[in-house]
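Below, each structure is written out as C-alpha cells.
In what comes next, subunit A is part of two complexes: it sits with subunit B in the first one and with subunit C in the second one.
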Partner chain A sequence: MDKTHRLTGFLADKLPKWSLIIGIIALALGFLLGHSNDQSMYLSYLTAYTFFISIVLGCMFLVIVQHLARGGWGVVVRRVPEQMMATIPTFALLFIPILFGMHSLYEWTHASAVAHDHLLQMKAPYLNVPFFVIRNIIYFAVWIGIARYYNRKSLAQDYVASDDEAEQITAGMQKRSAISILLYALTVSFATFDWMMSLKPHWFSTVFGVYYFAGAVMTALCFISLTYMILGRHKHLDTVVTKEHYHDLGKLIYGFVIFWTYIAFSQFFLTWYANIPEFVQWYLPRSVGPWRTMASVLVWGHFLIPLFVFMSRHAKRNLKVHSGIAILLLVMQYLDIQFLIKPNFFTDIHFTLVDVAFLIGIGGIVLNRFLVRLKQESLMPVNDPYLQESLDLEVY
Partner chain B sequence: MNTTVDLEVKRRPLVTGNQTFESISDIVCKPVEATPPKWWHIALLGSITLLALLMSMIGYLVWEGIGVWGLNNPVGWGWAIVNFVFWVGIGHAGTLISAILFLFRQKWRTSINRFAEAMTVFAVICALVFPGIHVGRIWMAYFMFPIPNSMAMWPNFRSALLWDVFAVGTYFTVSLLFWYVGLLPDLATLRDRAKTKTKKIVYGLFALGWRGSSRQWHHYEKAYMILAAIATPLVLSVHSIVSFDFATSQLPGWHTTIFPPYFVAGAVFSGFAMVLTLLLIARQIFNMKELVTMRHLENMCKFILATGMMVGYAYAMEFFMAWYSGNPYEQFAFTNRAFGNYAWAYWIMVSCNVLSPQFFWFKRFRNNIKLMWVISIFVNIGMWFERFVITVTSLSRDFLPSSWGYYSPTFVDVCTFIGSFGLFFTLFLLFLKFLPMVAISEVKGVMPEANPHHKEAH
Partner chain C sequence: MSTSYGMIAEFDGPGSLFHAAEKIRDAGYVSFDTYTPFPIHGMDRAMGQKASHLPWLSLIGGLLGFTIGLALQTWISLDGYALIFSGKPLFSAPAFVPVTFELTILFTAFFTVFGMFGINKLPAWYHSIFNASRFGSVSSHGFFVSIESADAKYDSKETRAFLKSIGGSHIEEVEE
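For the complex of A and B:
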C-alpha cells in the first residue's frame, strides 16, 4: 500500500483534538443555556442534529450508488464519504437527547393532547412513544449495518495483495448495493416523517421523505467537495483529485440543487393550488412574516443563485467559485432545516445562542470522529479496480 | 481468466465479435439498403389496417360526439386520458437514454439511443391524438393554443391541461430535434453508400451537407451536448405536468404531493419496458446481437427494476399517507382501490409493475431473453392499468354515494386504443426501413479503435 496518502499535520493532530474539546464544551453549554426552555432547546438540538445527519446520510447514498452504478470516475473522491458515513454510530448516541426531549418536541406524546384530538387518536398506532423508539432503533441498525459493511470492505481492500482479491471485494460491494439502496430509501423516508413531519402531526405529505433526501445528497456533495479542497490545500491528494473531479462533483451538486427545487416546488405548488386546509396548514405559518422572507432566501440561495452562477463549466472548475457555492449551499441546507422545523412552533425566526452551541457541539464531535477515522487509513481506496479510470478522468 | 471473481467488476466491451468500423456500417445499413423482407410488408399492412381503424373511430367520434365513449356522470375522464398518459410515458425512455444517460457518460446508450428516440417521437404523436380528440368539438382544438382571437378569448392559463399543451409540445419539438441532430452523420453515411440517384439526393438533402470534417464534428458535439442539457429537464417536466392534471385537483387519490416524481419514475419505467419489448425482437431479426449485447439488455433490466421499485415506493407512500392522514375520504379512496369495484385493475397493476420486475434481481433472469420479453409486456400492461386505476377509481366513487358510478369502455374506446398502436407501428416500421436504427457514428465512437492511441504499443 502506498503510504503517502495518509492524513498528517494539523488536520490529523490538532484539529480533531480541539474539535472534540470545543464540541463537548459547546454541547454542554447548549444544554446549560437552554434548559430553562425545554421546547426551544430541543428544537435547536433537533435542527442541528438533522442538519449534520443529512450530510452523513447523503454520503451513505453516494457510496452505495457508486457501487450500484459501477461508477469509476469517483473512486478517488470516495474515501471521505466512506469515512463520514461511518460516523453514524455517533449519531445514534447523539439521538438520545431527542428521546429525552420527545415530550417537548412532539405533541402526539402528550396523552392529554391525544385524548382531545380525534386525528391523533387515529394516528396513535403509528405515532406513539414505544413504536417511535423501535423505529429509530431499526433506522440506526440499518444505517450502521450499511455504513460498517461498506467502510470495512473498502478499507480492507487497501491491504489486499492481489488484484483478484480486490475485485472480489468490489464485486461483493456491488452485489449488496441494490438491497442497501432499497433499505436506505425506506429508512430515510420514515425517519424524515418521524423526526420532522410528525412535529406537526396533523399534516402529511407523501413527498416529504424525498425532499429531505434531495437536500441531504446535495449537502453531502458540497461537504465532499469542500473537504477535498481543504485536503488539497494541505497538500493531500492535491495532484490526485483534480479539476476534473471537482467538475463532476460540481455537476452533481448542480443536479441535486435542481432536484431539490423540483421536489420543493412540487410539494408547495400542489398544496397551494388545491388549497385544502389540512395541507395548507403547514405552509400558512411559513408564508407570513419573517418565515416568508426565509422562503425567499431559500428560493434565491438554494436555487436561483446556484442555478445561474454554477451553470457554466468554468464555474465548476474554478475552485473559488466552486467552494463559494458549496459553502452557500451548506448554509442554505441549514436554513432549509430551520424552515422545516421551527415555523411549526415559532412565528418569528428563532436562532439563538443555543442553536449556535448545538451546531458547534454536534459539528465538533462529528468532525472529530470523522478526522480520527480519516487519519487512520489511506486517503483514497488504493486497490480499487477502477482506480486507474478515476485517476485518468478527463471531462470534455 | 479467473472465474472465482464475478466478471461484472471488469468492464465488458460494448461491441462484441471482432467488429470493424466497416462491418458496423454494414450491419446497421443493411435493413435500410436491402429490399424489405416479406414480414415487413405484412407487418406494415397490419399496422396500416389498425391505423385505418383509428382514423375511422376518430371520424365516428367527431361525427357523433363524445357520447360514443363510455364516459358517464362521475367518470368524466376515461380511456382517452389513460391512453394519453400511457403513450406519453412510453415516450420517456428515448430522451432519458439520449439526454440523461449522455450527461452521465453512460456509453452503453449508443447502441439503443436511436431506437429509443424514434419510439419517443412516435409515442408522443400517439399521445397527442387523445387530448386532441377529447375536446369534443375538434374544430375548436386551436383554442388550446394562446392565439388571441376576435372575441378576446384566451385559454385558461391556470389550468394544468393547458400546461400540458406547452409541456408536451415542447417535449415533442426538442425530442424531434435531438433525434434529427443525432441522425445527421448517419444520414450522410447512407448518402455516401447510396446506389441510386434518388436515395443520394434525398439522404443528402437531410444530411445538411455533412462532410465529417473535424470542424463539423467539433460544432456537432457542442450542439449535441447543449441539446442534451436542454432535454434533461424536459424528461422531468413533461410527466410532472401530466401528473399536475390529476394532482392539482382536490380529489382523494389524485391530490398527493409525490405525484410529479412518481409519474416521472413510472414514465421511465414504461418507456424502458417498451424499448425492451421492441429491441429484443429487432436485435434478433436484424442480427444485431453484437451491437446490442447482453450487457445492454442487462442494464435495461436493471433500469426497469430500479424504476419499478421507485413506482412501488410511491404506491407504498400513498397508502401509508392515506392511512396516516386520518382523513376518511383519503382512506376510502385507497381501500376502494385495493378492495373496491376496480380491485381487479388494481391488482393487475401491482402484480405487473411491482411483482413482475422482481425477477430482475437475479442475473439468471436478466440473461433470459424470453423471460425479459414477457416481463416487459407485463410492465407495459401494468403501466396502462396504473393510469386506469388512478383515473377511474377516484372518479367513480364521488364524495356522495348518490353520485357513484361504474365506468366501462365502449367498443369505440377499445378500438381507438388498439388503433393507436397502428399509428405507432406504422411510423416505427417506416423508421426501420428508411433510417438507421442504431447510431452508427456513436457506436463507432465507443469502440476501442476510436481511441487515437489504439494501435500504439502499450
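For the complex of A and C:
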C-alpha cells in the first residue's frame, strides 16, 4: 500500500495563489489606510501578528512535546503542525514593521518619557531599543532552528530506505526535544513580555508568558483539528485521521481551555487580593466600560461554553460540535489578544478596517506559505516508527 | 449439590477468548464475564457492554462539590461569621473560587472512585468464581469466561454444550 498522500486540487493550486495575492493587497491596504495614525495602525498590526504567530508557536510546542513524551497516537496528525511551524521565517520578516513601529508602540523607547520616570530608568537595562532588537533576533534564531530541525528531519524520514534509519531519525528528534522545550519555554515567555507586556512598562506579571502560551497551544490545536477536517472534506486522509484522533485532539483542546482559565484567574486573583496600585493599573482599564463586557465574553466563550459543551466524549467525537468549538475558540483567541493589547491605549473597543486588513494580510501570506510547504511533501509521516500505533488508535 | 453460581470455561489465549465473548454475546447471554491476566482492548464491545454510568456520577459529584463549596463560604461570610477583611465586600466571588474549585475536584474524585466501587460491588469479601478449581491461573496465564446462572438463558446442560461448541475447555459448574 502506498501511504504517501499528496495535497491536490483547490487546496494545492488556487487557494495558495489567491491567498498570497489577497494577503499582499490587504497588507498594503492596511498600511495605506492606517498611516495617518501610526500608533493605532501598529497596534492593529501587533494584534494580528501576535494572533497568527500564536498558532505557529503552539504548533511548535505540540511537535516538540510529542517527541519528548515519545507519543505515538499523534503521528498521523503531525504533518500539519510540522509544516505550520516551519512558516516561522515568514514571521521573522513580518516582524520588521514592528521594529519600525516601536516608537509608536512602546513608551520606554521615548528618551523624554524615561528621563522623568524613575521606574523606567530602573528598567532601562532591559527595556532599551538595542537589547530589544537583540532579544528578538535570539527568539527567531531559536525558533527557526527548532522548526527547521524538526521539519527537515521528519521530511527526510519519509525517504529513508530502512526501518533502522527511520528509527535513528526519531531517536535523534526525541533526544533533542528536552533542550528544545527548555529553549522554547524561555523564548516564548520572554517574547510575550517584550511584545505585549512592555506595552505597559510600569506593570509586570511573571505568569504573563504562560498565559499567552496556554492560549497559543489551544489555538494551534483548534487550527490542527479544523485543518484535518477541511483536508478530509477534500478526500485527503479522510480514512486515516479518524474520530479517535479528533477525540484526542479534543481532549487536549479541553485541557488547554481549562489551563488558560487557571492561568488567567491566577494572574487576576493575586492582583485583586493584594490590590496594590502598581499591579492593579493593568486591570483597571479592563474592568470598566466595553472592556469589562469583553472580559465577560472571554469568561463565557473562552471558558464556560467550551467547558460544558465539550465535556462529553460524544461532543469531542461529533465533528460538527468539535469544529464549532474550534471556530469559537479561534475567535476567542483573537478577542483575547485584543484584550491583552488594546485596553492599554483605548478606552473603547478598537476594531477598525485596518485590523481587518492586517488580519487578512498576515493570514493570507501565512496560509500561502503553509499550503505551499504542505503540498510539496506527503500529508503524513510515512516512515515514522510509531505510525502503525497512530493508525490503530482507539480511545476508550 | 448446593446452588450453582454459573458455568466456567477456559480458553487458550486472548484471541480465542475475545471471539468466544462475541459468540456468547450473539447467543443472547447477558450475565457473563471474562477473566484475563491483563486488559484486552475492545473486550467491552466484544461482550456487548453498554457505556458506563460512571461519568454521570462524576458530573453529579462535581456539581455538588461546586454548590457546597460556594454555599459554605457564602453562609460563613454573610451570616455565620461576617468579617470584613482587606476592605473587600462580604460576598467576594473571586475569593471564593479556590475553595469552590477544590471542593468541586474533591467531590468529583470521591464520586468517581466510590461510584466505581459501588458499580463494581466492591469491596467484595467473597466471590463464588474462586470456587472454580483452575481459576488461580487467571493472574498469570489463564483466560476464562463465566456464564452466570442468574442469566435468563442459563441452562446447566445447554450452556455446557454451548461453551464446548465455541471452543472452551475444562468446563466446570461453579458452586455459589
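Observations
Definition applied: the second predicted complex is superposed on the first by the 392 of 396 C-alpha atoms of A that agree within 3 Å, B and C clash if a C-alpha of one lies under 4 Å from a C-alpha of the other, contacts with A are read in each partner's own complex, and residues count from 1 in each chain.
We take it that a contact is a pair of C-beta atoms (placed from the backbone, for glycine too) under 8 Å apart; a residue touches a chain by one contact, two chains touch by 3 or more.
None of these values were measured; they are calculated from a predicted model.
Overlap between subunit B and subunit C is detected when the two structures are superposed via subunit A. In the superposition on chain A, contact of A:A185 is made with subunit B only, not with subunit C. In the superposed model, A:Q174 lies in contact with subunit B only, and not with subunit C. In the superposition on chain A, A:E394 makes contact with subunit C only, while subunit B stays out of contact range.
Applying the stated contact rule after C-alpha superposition, one finds that A:L270 touches subunit B and leaves subunit C untouched. Which of subunit B and subunit C touches more residues of subunit A: that partner is B. When both complexes are overlaid on chain A, the residue A:M122 reaches subunit B alone and has no touch with subunit C. Judged by the touch definition given at the top, the superposed model places A:V207 against subunit B, while subunit C stays out of reach. Taking the listed stretches 27-35, 207-215, 243-251 or 315-323 of subunit B in turn, the superposition on chain A shows a clash with subunit C for 207-215 alone.
In the superposition on chain A, the residues of subunit A contacted by subunit B and by subunit C overlap at 269, 273, 275.
By the touch criterion stated above, subunit C contacts subunit A in their complex at residues 41-42, 44, 55, 59, 86-87, 94-95, 97-98. Only residues 2, 4-6, 8-10, 103, 105, 233, 236, 240, 244, 247-250, 255-261, 305, 309, 313-314, 317-318, 321, 324-327, 361 of subunit B touch subunit A when the two sit together in their complex.
Listing the residues of subunit A that touch subunit B in their complex gives 70, 73, 118-119, 122-123, 126, 164, 167-168, 170-171, 174-175, 178, 182, 185-186, 189, 193, 204-210, 251, 258, 262-263, 266-267, 269-271, 273-276, 278-279, 385.
Residues of subunit A touching subunit C in their complex: 265, 268-269, 272-273, 275, 311-313, 394, 396.
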